[in-house]
Each structure stands twice: as structure tokens, then as C-alpha cells.
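There are structures below to look over.
One chain, chain A, links the two complexes that follow: it is found with chain B in the first and with chain C in the second.
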Partner chain A sequence: MTVEAASPQETVATRVAGIGRTLIPDRWLGLVLLAPSAVVFLLLLIYPLLYGIWTSFHSVDILDLASGGGSFVGFDNYLWLLQNAQFWHALKTSTLYAGIVVTLQIVLGTAVALLLHQSFKGRAFVRGLVLFPYMMPVVAVILVWMLLYNALFGAINYILFSLGLISRIDAIAWLSQPDSAFAGVVLVSLWKYFPFVVVIVLARLQVIPQDLYEAARIDGAGAWSRFVDITLREIKDVLIVIALLRTIFMFNNFEVVFLLTHGGPMQATLTLPILVYETALDGDRAFGRGSAIAVVMFGLLMMTMMVYFRFLRREDRQ
Partner chain B sequence: MARVRFDKLRKVFGRDVVAVAGLDFEIADGSFVSLVGPSGCGKSTALRMIAGLEEPTSGRLLFDDRDVTGLEPRDRDIAMVFQSYALYPHMSVRENLEYGLRKRRVPAAERDQRVARIAAMLHIEPFLERKPRQLSGGQRQRVALGRALIRDPEVFLLDEPLSNLDAKLRVHMRAELATLHARVGTTMIYVTHDQLEAMTLSDRIVVMSQGVVQQIGPPEEVYARPANRFVAEFIGTPSMNLMAGELDEEGGKARFRRNGVTVPLPDSLTAAADARQVLLGIRPEDIRITADSGEATIPAQVAVAELAGAEKYIYLDVAGMQIIARTDADSPVRGGDRVGLHFRPDRLHLFDGTSDEAKAIRAG
Partner chain C sequence: MDRRQFLKSAAVTGAIAAGAAIPGRGAQAQQTMLRFSTPEADPQQIKGWESIFADFKSAKKVSVQPEYGLWDDLVKKIAADLVAGTPPALIAGGSKPGFMIDLARRGLTIDLAKVVDEIGRDDFDAAALAQWQYKGQQVSIPYGQQWAVLWCRTDLFEEAGVKLPETWDDYRAAAEKIHKPDKGLYAAAFPAGRTWNTHIQSIAHIWSAGGYFFDEKLNVVLDSPETVRAIRYYTDMVKRFSPPDASSYGFREASAAYTTGKSATTFYWGRVLTHLYQQNPALLKVSQTVFIPRDKQYKFGAGHDEFTVMKGPNSAQAIELVKFMLSDPDQFYRLLAPVIAHVVPTRKSIVPKLQQHEWVRDNPRIVKTLIEPHNYGASDTFESRNHPFNYKMDAMISKNVLPDMVQRIVVGGDPVEKAVSAAHKTATDIAKDIKG
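Now for the complex of A and B:
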């Protein structure tokens, strides 16, 4: 019976392969099929990357952009960078921002995934609902949060006021003070992106064999032991992958920070992507210097990527 | 070690899915008992209730005289071997073995000692530092057994532990299990759908179907005197031949009749017999095939003769029904032959009616 069921499929497959073989040799067919994505990849990724590196060794102003020119300055842009306090500040802010946000995302995402892994009424609905922040367009999310943060009519101040925690006079201008602005950006980034963690951790939780928990119960493990010895050890690998990926995403994040605070107040939320924007596209339009910052970011993220790939290779070997 | 007593133990899933309709029997201390039946018969649920992984809907479970019905698995002093082995994938074999001891705060020195003893007993010393995924199926199986044995539990539960092994290894591990039980002497409760495993390993077999116990007894008894049609068909390969027909009487002697074929019934069966629809059962090895179709034999035609190594299975057509006889491998019978059958009178089974629950009619 299996043979009968398989044979029609086989014929179709053979026939399709047969057509390919008569028109184009196998070796070429592969290249032809790869070509469109290869072209897109080259145009949209490799070319800008190489152009960015090229620009970082040149002095390029807005007129040079049009002509494609620029004067070679060697490592000048990088030397400028190393002596620029703003760059070091932004590097620190970026690292802090990415580190805090990713940690919180993993803790919250894992906790929510564990909750959603339990069976309760309306679970499917709540699982869908959790994805909501991740699927909303960034600009819409930011507009809503700016309303919430608003000093005069924002909901957050209103709640604090209703609870008697602040007086009307002390209304907090959340995004206008360095510390609260940084916290505010962290909170929005956490809210917007934690569902990513939930989805992946939940998927991993669902394939942990139930037997393991039962065996552990019989072996005498309590709920906490079962979580540490089974759940955590089972999801450890995906948590590492998530941490690396989210670090790359958050380190690179431009839109949330830019739309909420433009890197302010008093550079409290000035991350590297914002600094690239300010240097290259705002103010003095120093494309060479901006590119130099971008190239440094690229180098840092490449190192993270290498850790990621090394980890994936190790996983494959196992 | 402990005696396990089921006191009207019942499990209903949801509103009306009866998994176990009420178990009411006792497993003797130190014995090896198999729960056997087709999938969905409730045997696994019964085992999981003993483990404490499933809460009974009603009834009680007692180890010796201790009521363990509401106890957590860890408080029952049981160990279980899972069908999937359920070895902790991130832990080495050694860590797997001693996990239960760690959770019970057994001191390190004693843990090492026990691991060494169990590893030697099960021949797994060379793999102690390996992870489960680096082991073969048979080695994993040993580790799973070791993890259960190391705790020296009162009751040892095994849920289809051999079904993930290939045929050859399964036979080998079956023998090892028997040896192991003889050596440790712990009460072992074994769930399987394989009646052969149940027959070869057990002191007693509990045959279950649809949540109900069909028969409890030593393997020999369950095989030789099945209580009803279900047990008769389930135990033994090839299955017992069952022929539907009716009882009637001639000259004060009861006989079985179907499509003109008659089988005289021994006196021991006639006493309990009335005229009614019955099933006549005969095991393949209790049929003798003769070349001549004389008076005392049942005429049949051979469909196929199948050689299975040491023996032959002869597929026969008797009055429009197919039955199977088991003969020596050198039997000259061939497809198409017309033969006479002789049923061993003392090995005939008679069932009251034709349903699955049809009770065996016993002498007296």
C-alpha cells in the first residue's frame, strides 16, 4: 500500500526534474534559481556595506554623495571617533540599553511563556493577545506610549495621582528627565519585543517530553527542582540563541529610541544608531565620520554573530 | 517490598471516559505481575495510578496496609521505568542514576557506592560519564532500569519498557528482566500489550479490556483456561480458533454443530451445557491433522501451509471457516490437500454466546 501511495508522487517528481534536465543542465539550474536572490542580496546588503566601509575612510559631504566622490583621509574618521567623548558615551549607553532590555525581555518572556504553557480557559486567545505588541507598527506603538508618558494628560501620571503617589504639581515629565527617559525607553523596548522571546520559549517548552517531569516527580523532585533541573536545562540553548539575537537587534535599534526621545534628554538615551544618524544625516552631515561609527558597530555585532554561529555549530555537532 | 492492593480503584477522564472501571485485586509481595491488554484497555492508567501520576476518581490504593491513594509519587517509595526511558538528557548516566538519591539527600559516599553497585549489576560502568544520547537503545534501557533499581523501592513499575527495542534485543532484555527480578525480589508491576512478554515474565497475569479486568491468574492458567472469549483470543499466538455454532444432543451426548460439521463434546463439558449459540475454541497446537477423513475426524481443506522455522502453521477451511493448526516443521501437508482433523477433547473450550465477554463454560 505504501508503494502504491508513493509512486504517483515519484512520477510527478521525476517528470518535473526531467523537464529541468532537458532545458538546462542540473548544475546551471541551481545557479539560475539562486540568481534572483543573489542579485538582491548583493545590491541591498553587500553594496551598501562596502560603500559604508569605503565612506568611513573618506571625507564625504552632501555634494560628494551626488557625485560619488570624496577625498581620502585614511584613518582620520576613526581617530576622531576615538577622541570623541560622545562616541564613548553612546557606546556605553547602547551597551547598557541592550544589556538591560535583553535581560528583562528574557526574564519576562520566559515567565510569560511558562504561564502560557499551563492549560487554562481561553489559553489560545491569550497566546494570540501576547503577540500584539510585536505585531503593532513601531510608530503606532510609540504614539500610544508617548500619550501614556505625557506629563499633563498621560495615563501613567494619572494613575500615580489617583493612587495618591504624586500630587498634581509633581506631575512627572517622564521623557524629559535623563533617568526616567532612559527607563521609559527601556520599558517600551521591553514591551514591544518581549513576545519574540515568548514565542520561541513556548515552542521549546512544548517539545519537552512530559515523561521527564513524571520521572523527576517519582525521583522526588519538587516543583522548583523540576523547573531548574528539567525546564531550565531544556530551554537553556534557546535562551542563549535568543540572548545573542536580541542583543544584536537591540544594539541596532534605532526607531524606538529615536521616535521616543531623539537620544535626549541631555544625551541620556543617545545610543550608537542615534549618534550615526546625528553625525551623518543631521547637523554637520559628516558622512565619513558617521560611517566610521557604523563600521565600528558592524565589527562589534560581527563578533556577537561569530559567537552565535560557533554556538550553532556546537549544537549541530551534538 | 510491599503487597499492592486495589480497592475498587476507578478512573474516569472528563465526564464519561472510563479508563479504569474498577480494579479490585491484590498483588502479592515480591511477585511479578503483568497488566496486559490492547491499547486503550486501561493498563497504563492503572500503572500511573499506582505511581501517583494519575489521581483515581474513586477507590483506594494500599501498599501493605498503608493507604497511598492521595500521596505524591515521591512519598510512595515506588520507582518507574518509562516506555521512552525518560532519561534526563542533560545529565550523564551517573547523574541520571543518582538524581533520585540526591533529591532524597543521600550522602555522597553512599551515592557513589550505590551507583557502583547498580552499574556493575547492569554492566553500564563504561558509560557512566556519557550522556543518554550517546548510548544505544539497549544501554539506555539499562540506565532506565538502574535509575529505578538504585533507590531500592518497595514497588517497581514498568511501562512497556521493552517496546522501543528491536526484536532480538527485546528477547534478550526480557530474559535479563526475569533474572533481575529473581535477584532483587522486589514487587514488580509490568504493563505490556505483548502477551508473550506477559506470559514469559510473570507470576500472574492481569488481562484487561476496556477498563475491566477480564481474568487474573498464573500464565499457565490464563493460557489453558481462558475465562472468556476476549482472553482466549488475546493470549496465545496464533490465537485460539473460535467457531460459532450451536449445542445439541444426540443419544444423551452433547455435541457442537456447525454447517453439518459436528464435534462431540467431552462429558466434563456437557453437564453445564444447554442448547444455545456457543463458540467452540481450540488452540492451534491441539489440532491433529490426519491424511484420511474417517468417521471420527472433521473434514477440512488445507489453504496454505506456512513454515515458521521449527514449526508449521496450517491454514484450514472447515465448514466455511478458516482455522489454524500448528504442526511440526516436517509435516507433509500441502495447500489443496483434503485432510481430517482431530481436536484434543480435553483441550476444547466452550464459550457461552459469541460476544467478547462470552464466559467459558466449565465442567461441573
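Now for the complex of A and C:
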């Protein structure tokens, strides 16, 4: 193969051996290849975000959005939000819900992962089975749980009744009392999403060098000591990442809570995503106010993300 | 493969894929797809819609793409569709005149006055048509009307030696004798969930006591002695005689409580007749309906099922579909037959056909209150004849003002006066922000 000598006017970047001129110089190629994903990112993430922030400063009915209607109201929507008791109640409920669910998911998910890390017959099958709740569509899950929780026909009350723990007249209305409804929503969220933790922790467990355990055993370390000093230490970083990601996910979760309780009873399960939905899309369709709540949610989650990024940076440095 | 070859093959592959994904203009021109949205979506109703659409396709070569939703979510769905620039061409049902008229005010709907004239204005119930008019426009065509009644187990009333109730006192006295929770039988099923059904039933009781949500100038007047009296009675019936999970009841649960035999009575529309035929035919012989028991007067919500045509590229075909369904008595009847006696036709000429249905003929004790005309109807948008069109009530419904008030008493244990006063304040705050 002969190589044509490059003329002084041509740069090396515009010529490729045996092919001739290229349309894109090498120094631009990276940017050009990135451009499609950058455009998608701008259109699908940045534009809606900026639009949401823009509408949060406007008084706008959702039906006016298509025609570009609405009037600028400055910080009025944020002032309204700060004075709105429902917002503070929903913020408290969301924080509590996300905190409790994530903690329980991590505890249960880690325990199940440890169990599935052991050798036993049918392990591969059980590992597949554990993923079942995570794979099921949310609507189907909710319908099943609503039947389980039903005060009159539900399996939970039937078991309690059969065991003599409650009388028929004292049938528990699980989703009709504030405390039990909140607990009911937490339980479903835990059941539905804990397999995510199992998968991640299990993957991490499989790469812990066995030598560490053998050395610890030789040094006389017991099971608890091996768990705390080796396993927990090794999976700690993964657990922190899971905690951050799950917190963001659960804080934003709408479907489980809404489908189970619609935010009731007595607003005991009214979370911020439901409040955004009710404010922006319903009734007076105050899209600007709904956007203001969503922007505040975004700010709170950004703070969580900053913790996550700081953690990642520390990891990189180490 | 070097970089250039890779880029060339990627470009060719991409072009082929894009070409395959974009349908040809010819294909688009041949096929008109009409989007249709409705919450009237019982399995039998879905079959009914789909057989009508199949006939329409044969007759007019237009396909209909149905989208079935929930009563509680229709407004949100349509609003979101509009923002996305993809509203359905035709909406059926919804019973939200406030929202539909708001759409008309913004010029988003088609005036259907001419369609009514073509079908025959005289044959329509004038009062029903009037509910859906705005500044001379016929925003929607109500094809059916419906109201809730009290479904009663006659065997249990006879066994207890009490008559079917006409007044609140009758109902409470009967409930005392029928209620046997230790045997899994509840005397009533007053809905108290954070749902539209709770709004519908509780406001009907406020009206019956002589109260209103708004006065004739559309000021909130919820904190009246009449409201306190009505809500005291309502919540007492929830706490004492309804199933323990009544505070999560919406439409489905209130109906199921009766059809499964758990409650001796329930407030519901005619749809229960179909449910009994399908799920518990034994109860048909021991069921009867009466008007919802009254305090000072009979007064309860009368809703409509209506057709609304949205402005868009397929409006003309949507109008054709409306005419197709409403002009031909056989097609019209197919709208009603799947849940017979649930929706009463607004065209007078169709009523005799309804009365020939086997289920209607066989169950006179059930259908009488459901299909015979009466003067007790009111609506959220016109609480009385003296009230102007109420554009504020939709917000009260969607913000669950009345259900939250009921729950504060039933679940939270608040005194009635305190809960009513809090609801009044909430409603006043919401109303303050609503522009006319």
C-alpha cells in the first residue's frame, strides 16, 4: 500500500491512509459523535427542567400552556407554597416515607443477598424468584395488595381471624386508618423494590476475595466478626450508593402511594409527587404552583445528588 | 473496518432504519384514526363500544382508537393530552360540565348545536341539553342521564320488621335493627374515601338538609347549620353502620359492598343491576331501590353521559361518529344496553326501547326509581335553579374538600362543627384563586 504524501496545506487530521480526505477533522470528531446524545439530553432533560423553573414564576392554567398563556408573578408561587400547610405536611410525609422505606430496603435486601450468597440446592431458582416483585407491573402489584388489605375479604384479616388474633367485628381496615395506611404503603414499597438492593449487594459480595475470610478464620474471627469486619466493610460503599439512589427514587415515587391510597386517609399518605399532581393537573389546574413544588423537590434531590457526587469523587481519589 | 467504513455503514444502516420507521404519506392518507376517550368502561360497555366502532368502520371507513380511563382521572388525562397537543377527537362521559365549558371558553371544542338540530332537538330532554350550553354553544350532547338511588335488601328489612326508608330517621332506625357486624353484615355503605363518590353523596345530603356549598353569588357558604346537620348524620352513618373500611370507599367499593352481600344497603346508580346479574343473581329477587332518604327534601345529584367533540384534524369524522351513534335508535340503544338502567336516554323516543329490555321488565321494583323522570335532581354546576353556572365547583371536587372533611370526623375524630368550619376555610381559600 502506498501512502500519498500530504501537501503542506493539508493537515494530518484530514487524511486517512488509503482513503483520502475525511469530512470531519479528528479534533472535532469526538464532539460530533457526542452531539446526538447531547441534543437528546438538552431536549429531554434540560429543556423540561428550565421550562418547569420558568412556569414556577408564572400564574398559568395547564390549559393555557399550549397557547403560551399565563402571567409572570415573580416569587408568588413560592410564597404561597411556604405558607401552605399541605406542602409542609407532604414534605414531612415524603421524607418519612423515603427514609423508612430505604432503610428497610437496605436491611432486608442485604439480608436476602447474604442468604443467596450461600451455597444451597436450587439457589439459581431462588435468585430468580427474588426478582419477581421487581419485575411485576406496579398496577398488578397494587391490585393484589389491595385485595390482601381488604377489611372484609382480605387474606391478611382472614389469617388474623383464623388464628384468633382478631374477632370478625374488629376487622382491621388497613388502608382506612392513617397509621396503618402509611405502614401499608411502606410495606408494599419495601416488597416491590427490595430486589434492587439484593441484586447490587449480591454482585458486590461475589467479588470479595475469599482469602480475607480464610485469613480471618485462621486468626480465630467468629461469624459476626467476619460479617462486620469483612463483609460490611467491603459492601459499605455500595450500600451508600444504593441509599442515595433509592432515596431519590422513593422521594419521587408516585404510583405506589397514589394507587393504594390516593394520599388519604386524612392525607396521611399525601406525598409531594401527589401534591404536584393534584395542584398542577386538577381543579384550578395551577400549573405554576405545581411547578414551584416540583422545583423545590428538585432542589432537595440535587442536594442529595451532591452528597452522591462528593462520595464518588472521594472514591475516585482513593 | 476503519473509521470511514464504520461511519459509512452506520449512515446507511441509520437511513434504512429511519426509512422503515416513517410511514409513507399514502398510507397515512388511507387510514383515519379517530381517538376516543371514555370512563364508561365496564367490560360489557367496552364490548358495546367496540361493536359500534366496527359498524362505523364498515359504514364510514374510519377507524376508532378507544382509550378507556377512570372517572376520577378523566379531566387530568384530557388536560395532559391538550398540553401535549394530542387531544382525543371525541370524549364520551365524564360528567364534568365545568371542565367542558372551560374548554369551550378557550375555543377548544366544536359547537354541536347543528348536530342536535339534525338529530331532532324536540326529542331531547331540554333541561339536559341546557346543562351543557355556554353562550349559545352546545358544548356537549348529553346522551344519557343518571342519578344514585338507595339499593336495599328487602329480605333483611322484612326480617327486621322495618319498611324501606324515606327519611334519615327511617334509615337510621332501620339500620339499628339490621346491622349485625359480628355476622359480617353492615346496614349501610356510606362512602368516606378521598374520592369523588364521597363528594357526590355528602353534597346530596347537604342539599337534602337545605344547605348549599355556594350561594347564588358563588360565595362559599359551607359553614351553615344545614351542613353541620347533614354531615353529623352522614358521618354517624359511616361510623356506626358502614363497613370498617368505608373511609377508603369510592365507586367500586360502595357497589361491591352491596353485590357481595356485606352491606344491606348502598347508594349507587343503576350499574348495580348489571353487577347483580353477573356476580350475584340470588340478590336480584331480594333487591329494591328507593330514592336516597331525605331530610327536608329529596335532592340528589343528576349527572350525564355526554359527547364532546374537540377541535382538531378529525373533528368532522368525530361529528359523524356522534351522529352515527345518536341518530340510529339501534346504535343509541347499544350505548345503554350493556349497563341497562344505569344510563337513561335523553332522547324521549328511545325510552320505550329501554323499557322492553328483559332486565327492566323483570325488575320493576329495582328500575322504577332509576328510569322514571323526577324533579329532585341538582348538580354541582347548578346547585339550584337560582344559582348561576358554577365554575368553581370542579376545584372543590378535585381538591377533595368534602371527603377530607368527612375523613377528619370519621378517621380523625374531629367534632363535626370544627371539621365543617375547616372545610369552609379551605374552600374559601381555594375559591379565592379561581378566576371566572
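Methods note: the second predicted complex is superposed on the first by the 287 of 318 C-alpha atoms of A that agree within 3 Å, B and C clash if a C-alpha of one lies under 4 Å from a C-alpha of the other, contacts with A are read in each partner's own complex, and residues count from 1 in each chain.
The criterion applied here is as follows: contacts are C-beta pairs under 8 Å (C-beta built on N, C-alpha and C of every residue); 3 or more make two chains touch, one makes a residue touch a chain.
In this text, all values refer to a predicted model and were calculated from it rather than measured experimentally.
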Chain A as common anchor, with chain B and chain C clashing or fitting: fit
Chain B versus chain C as contact partner of A:Leu65, first or second or both or neither: second
Which of chain B and chain C A:Arg168 touches, first, second, both or neither: second
Which superposed partner A:His262 touches (first chain B, second chain C, both, neither): second
Touched partner set for A:Ile230, first chain B, second chain C, both or neither: first
Chain B versus chain C as contact partner of A:Arg285, first or second or both or neither: second
Which partner, chain B or chain C, touches more chain A residues: C
Which superposed partner A:Ser176 touches (first chain B, second chain C, both, neither): second
Which superposed partner A:Ala151 touches (first chain B, second chain C, both, neither): second
Minimal inter-chain CA distance - chain C and chain B, angstrom: 39
Set of chain A residues, in rising order, touched by both chain B and chain C: none
Of chain A, residues touching chain C in the complex: 16, 19, 22, 62-67, 150-153, 167-169, 171-178, 181, 261-267, 277-278, 281-286
Interface residues, chain A side, partner chain B - complex: 209, 211-212, 214-221, 225, 229-230, 233-234, 318
For the chain B and chain A complex, residues of the former touching the latter: 51-53, 72-74, 78-80, 82, 84, 86-90, 99-100, 103-104, 133, 147, 151
Complex contacts: residues of chain C adjacent to chain A: 2-4, 75-76, 79-80, 82-83, 85, 102-103, 106, 108, 181-184, 193-195, 243-248, 257, 260, 262, 394-400, 403-404, 407-408, 411-412, 430, 433-434
